[in-house]
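Dropping the structures in below, format is structure tokens.
Next, two complexes with chain A in common: one pairs it with chain B, the other with chain C.
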Partner chain A sequence: MSLSICADCLSRLRISHNPRSSLAIAAVSLTPVSSFHSASVMAKNNSLVKSKKGNRAPESKYRSSQSAKMKKKTRDRPKPPPIGERRAQRHRIVLSNTNALEVPSLENWSKENMTAEENTGRMLGLDGALLDKLRDCKAFKTTQNWSLFRRPATLIRSETIQLGQEIEQVNHSQGKKTVRHLVTGDKASGKSILGLQGMTMAFMNDWLVFNIPEAQEFVNNTSSYAPLKQKDDQAQSEQLYIQPHLTQALLTRALHANESLLKTLKFNHEFPKHLPLKQGTATLKDLVQLGASDHTFAWPAWQALWRELSEPGANSRPRVLIAVDSVDHWMGPSKYRSADFKIIHAHQFTLVRQFLGLLFAKAGSSPPLANGGMLLYSTTGSNTPAFPSFGLLLNQMRARAQGLDPSAPGFPLPAPFSKPDTHVLELMSGLGDVNLVELKGLSVEESKGYMEYFVRSGLLQRPLTEISLAEFRALAGGGVVGELAKLGRRVTV
Partner chain B sequence: MVFILGVNFPEHRFIWRSLETFFGIGPSTRQRIMARFHLHNTMKVGDLNQTQILDLTAHLDSMKLENHLRRQIQQDIQRLRDTGTYRGRRHAMNLPVRGQNTRSQIKNARKLNRAERF
Partner chain C sequence: MSPPTVRAFPSAISWTCRQCRINSVQLQARQTSLRTVVPRQNFSTTKSPQADVQIRAAPELDLKDPNAIPARIIPASPSYFTASPVFNDHVLLLQSLVKKHASLPLAPPNQTPRAVWLKLTQYRSTIGEKIAASKYSKVLDLLTRLNKIHPRVRPREVKQVLDRFRRPGSEELQTSKTGKIDEYGRSIGVGRRKEATAKVYLVEGTGEVLVNGRSIVQMFPRIHDRESALWSLKITERLNKYNVFALVSGGGVTGQAESITLALAKALLIHEPALKPALRRAGCITSDLRRVERKKPGRLKARKRPTWVKR
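Right after this comes the complex of A and B.
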């Protein structure tokens, strides 16, 4: 039996302060209108009408099972995509979109206008050969918005120009000048893009580029590792671990991105005998190729390559850029375990230790690169692990940048009775040469140039005025570039 | 197919998953075994080389697993019963062993607490 009122919303009960209208409402409210009521009077009527007309099938005397009447439907299972397809889809980098309007006056970014200050706040395009190299060294990321525009272009901001000037300084210096940068900033403030721009400029100047696009891979226990055999004199120090597949991946990126340059480089030092290379004719490209082709040779090949690049010899060496993204993951214990089930610290991995040793080189140590270069490491804003010791390290760098002496009373120190990470504390002795680049929001001029590019690509379909620009900048937390990009692509009706 | 401790595993299966199929290996033991042989978390059975398979099998051989472990549990219960302890008696009577109330919810105890348990 159906209830005469709806059990869910009690729709017959209407409270009205107007006594005259209450009667009229009561008359109407007998037939509730909405179809989802559990006790619909209309539905009840319908069933009556149907039974009168005799449309319903005659009821059988006995209950019979329903399943006999129902046909079994064969379910078509969609075939899963072939192995690797979905991962490829996930990692695919799309650099062009034919739906976007072409921006006619887009200049290319090249070696000539690399550091031209009048380009600040303008978008400059990236052209063919450079794109291939950047793609090969995995400089592009899926989180960036390259797929929105007709062709890839990047915003030249003041930090880019500064980076370019430093690259030129290294080019002109005769010595082994090495510039060290640690880029930090909020989420979406353009840290990875600055790394990409650094790599672009390095490729323009024929530098050798090594890129680590995701530092987290080294510590999250998803790649092979093995203890490094130590010599007798090192037996007292802690156990180190190598990561053959990650070394192989690093060499593969380096090989494809720098192939033409590596071909021209001859061996300076004693030929590594345990590696199957042709004596005499082999170049550094063969060495890198060997490591890239087989993970068992990757670590010795990397060691031999690094020796060639870091120790001066008869043949001159190119300048080197090393770019590492989301370096904070290297500042604490990893997810790996040793054979006796102790947690392995990130600094016990040889590559991590080597790259961090380059950035935080102790005062008085020998120059890390044979012919100078740049180290461009950046932190992550969206996937930050909680490593307070690294936070302290950054605070110390900020204090140093403000001219605070390490012995001054206000200088940040580990909290008393806390247990700071000793591995990270060791890095603090090498902070002297590291330059902290803190990325903030774009300036008004830069944001204008950036948003204009969205307008001219047909993404932002309203004219850009001073008021709307100010609005965008306010909504984007003071011109944080990633947030501006989100506002620029938003469809406004 | 890879043969580990008498069982064939397909190559695309994760090692952690294969190890946990053995009676007597749970997540904690599995993590320790994998760390012992420096196997990372996302490694598949097909990625193991021959020496690693042999090492792993030798290590698993040395552990008390599967029927050996089941038999030991059996023997422990048998011993309790033979020495006439309270726990042994409770096992023999198919009743809870650890002081639970027996008024209503002892279905599992009835099922599992047996002297002859399989």
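Right after this comes the complex of A and C.
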């Protein structure tokens, strides 16, 4: 607190009676007017009154949101593309990029240099007729970076050479040799490309190729299905289901990819009477065409075709390659429901059961193919369903590959109180002949050849040195091929 | 006669209005004019100095004796006339030393002796002058320059001056723990960033990388994160010379990747200490101490205020 009067004035008040000093009191009694108001106090009051009398919006009793008063803007949305356009865009296979440079010294991959070891780590081109066949059997996928380069070419890696040598062995063997491969590996490690290379080599050797590009289609409840009529002796076993449209699609792919070969194949056995085919003159092409044209005939046509291919007869049969991609979707319950609304297991579908039975054939069973061939199944790394029983199956295969005996203490077994999938466990008895191909990163030589192709195509505008190659390989997790491609096409400033 | 003042009030509450102040000044002026006219009784007991002092001339200069008082007296310190002479002396001393020994060879950065200088507050208290931080940083620059002179050819005067500026007890601070390569050829580095902590085991090898036992591709799907995790190896071009085994925990993807950068750099320095300047230039040595600012009550996030709503 300070005094309300100046100390000097106060003292003067007390000690002197000078009338001059009343000035101090006058100064105190003055009403303080702040100097920054230009208008007087009364005028200010007047203005307040005026504004009260003026036109004002009626005061609402409640608070209302501002947005209700605002007019909504009408946005003209662009017209959506016609039906099917987006899906076509998604599935479109682009095999060339006209902006990429042409690589002059690119050799073609053919039957002659199929297994040449010196081609390891080189890119080899795919030529016309082969491309059409691969395209017809849906071997190309959108994830495989075909659209980066001027013309389709593929990297020959050591696994490719090994696969080619096995194909040659099957060709030269007189017996009914069947090679079974299950390809696994990390995401983008080249599993489906290896499948494509297997198909390419099979086409080079005039094999019959059946391809299932996406195994998930069989279990994700997007296609028609029907219960299979069971014979009396099978009444106790579980209900099986056929998938007519998927069978038709399989036959369509097989028809277009193998048309010239199928034309030459005559029937060895009699086919069911209800198929509208001429007994005697019909070839297997007619049979496949029948199934491909009408889904109601698809399943019996496939059965007749399979009998022709698996049971030996008077006419010789070609060797067969069956390629299935993302097979781990077949290792658990499907999205389909039975008539009493129970979940159908993937192994209850006839085609799935048949193809898995081929790969995991029980020891001592008859050879599945009349003239031998190859089964090339691969798992998926990007869309992996969580089926622990299949993981166990893979671990058992790894343990076997390391030479561990199934009775050894370290052999992987189901966890004690878990409920493993019994359908998948049944497959374990047929693991003996299956060869597990685990794809890892490329070797240094292979990754060098691969990245050099990026440089020569003009995608990677940086000289490739030992150090930059080491950098690419380290960043790609030890040369995982898909990751290398990502780095190769990355624009660096 | 002094103006009447009220001494009963403490000075905190008493004040004087402007009018009174003007009056008092005028009054004093009138009194002084009066004083000249009317001689007043002086109550002082001491004599006025003006009365007895006899003004004497300075002694004659003896030009023959050079040791006599000089014609112009020069202060001992060149900064005698400045506000803070000690500090200025220091600056001038250091500048002269830098200038004098500018031609001496410098030690390479990894052989420069580590120096801990006096802190600003310590320096202020030693010289008793309030020096601005920016001015002291100039002193530090000069000290750092002098410290760069190769230890083998460093003059004694430089060493003495540097010792004067060294922080007391800094000898213990200087001995940082140097890591060792263990019996398996591994070196260990620890790094932190955001909430993540990484421990890296580095061993000579062919460029394999495992993070938490998984491939780096699985651990860091984004290429950018992989690049920042391996940045210290990439910038020193050692990617195919070492194998990395990293254990990371806490934080998010970016934090984990960047904590690996620091840990990897520390582990690499144990193998190759000469890489330190290169790694420092790449930003792999200095750790980022920033953490997430806490959320406050009444705010939506750390700083964000709720939207203003009328009533």
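The definition used in the following text is that the second predicted complex is superposed on the first by the 413 of 493 C-alpha atoms of A that agree within 3 Å, B and C clash if a C-alpha of one lies under 4 Å from a C-alpha of the other, contacts with A are read in each partner's own complex, and residues count from 1 in each chain.
Operating definition for what follows: contacts are C-beta pairs under 8 Å (C-beta built on N, C-alpha and C of every residue); 3 or more make two chains touch, one makes a residue touch a chain.
What you see is a predicted model, and the numbers here were worked out from it, not measured in a lab.
In the superposition on chain A, contact is made by A:Ala474 with chain C only, not with chain B. Taking chain B and chain C in turn and counting the residues of chain A each one touches, the greater count comes from C. In the superposed model, A:Ala129 makes contact with neither chain B nor chain C. In the superposition on chain A, A:Leu425 makes contact with neither chain B nor chain C.
Of the two partner chains placed by the overlay, neither chain B nor chain C lies in contact with A:Ala401. In the superposed pair of complexes, A:Leu101 makes contact with neither chain B nor chain C. No residue of chain A lies in contact with both chain B in one complex and chain C in the other. Residue ranges on chain A touching chain B, taken from their complex, read 221-227, 335-341. Residue ranges on chain B touching chain A, taken from their complex, read 31-32, 34-38, 40-43, 47. Put simply, chain A touches chain C in their complex at residues 1-3, 6-12, 15, 23-24, 27, 63, 186-188, 466-467, 470-471, 473-478, 480, 483, 486-487, 490. Across the interface of their complex, chain A is touched by residues 3-6, 9, 12-17, 19-20, 23-24, 207-209, 215-218, 223, 226-227, 230, 233-234, 237, 239-240, 311 of chain C.
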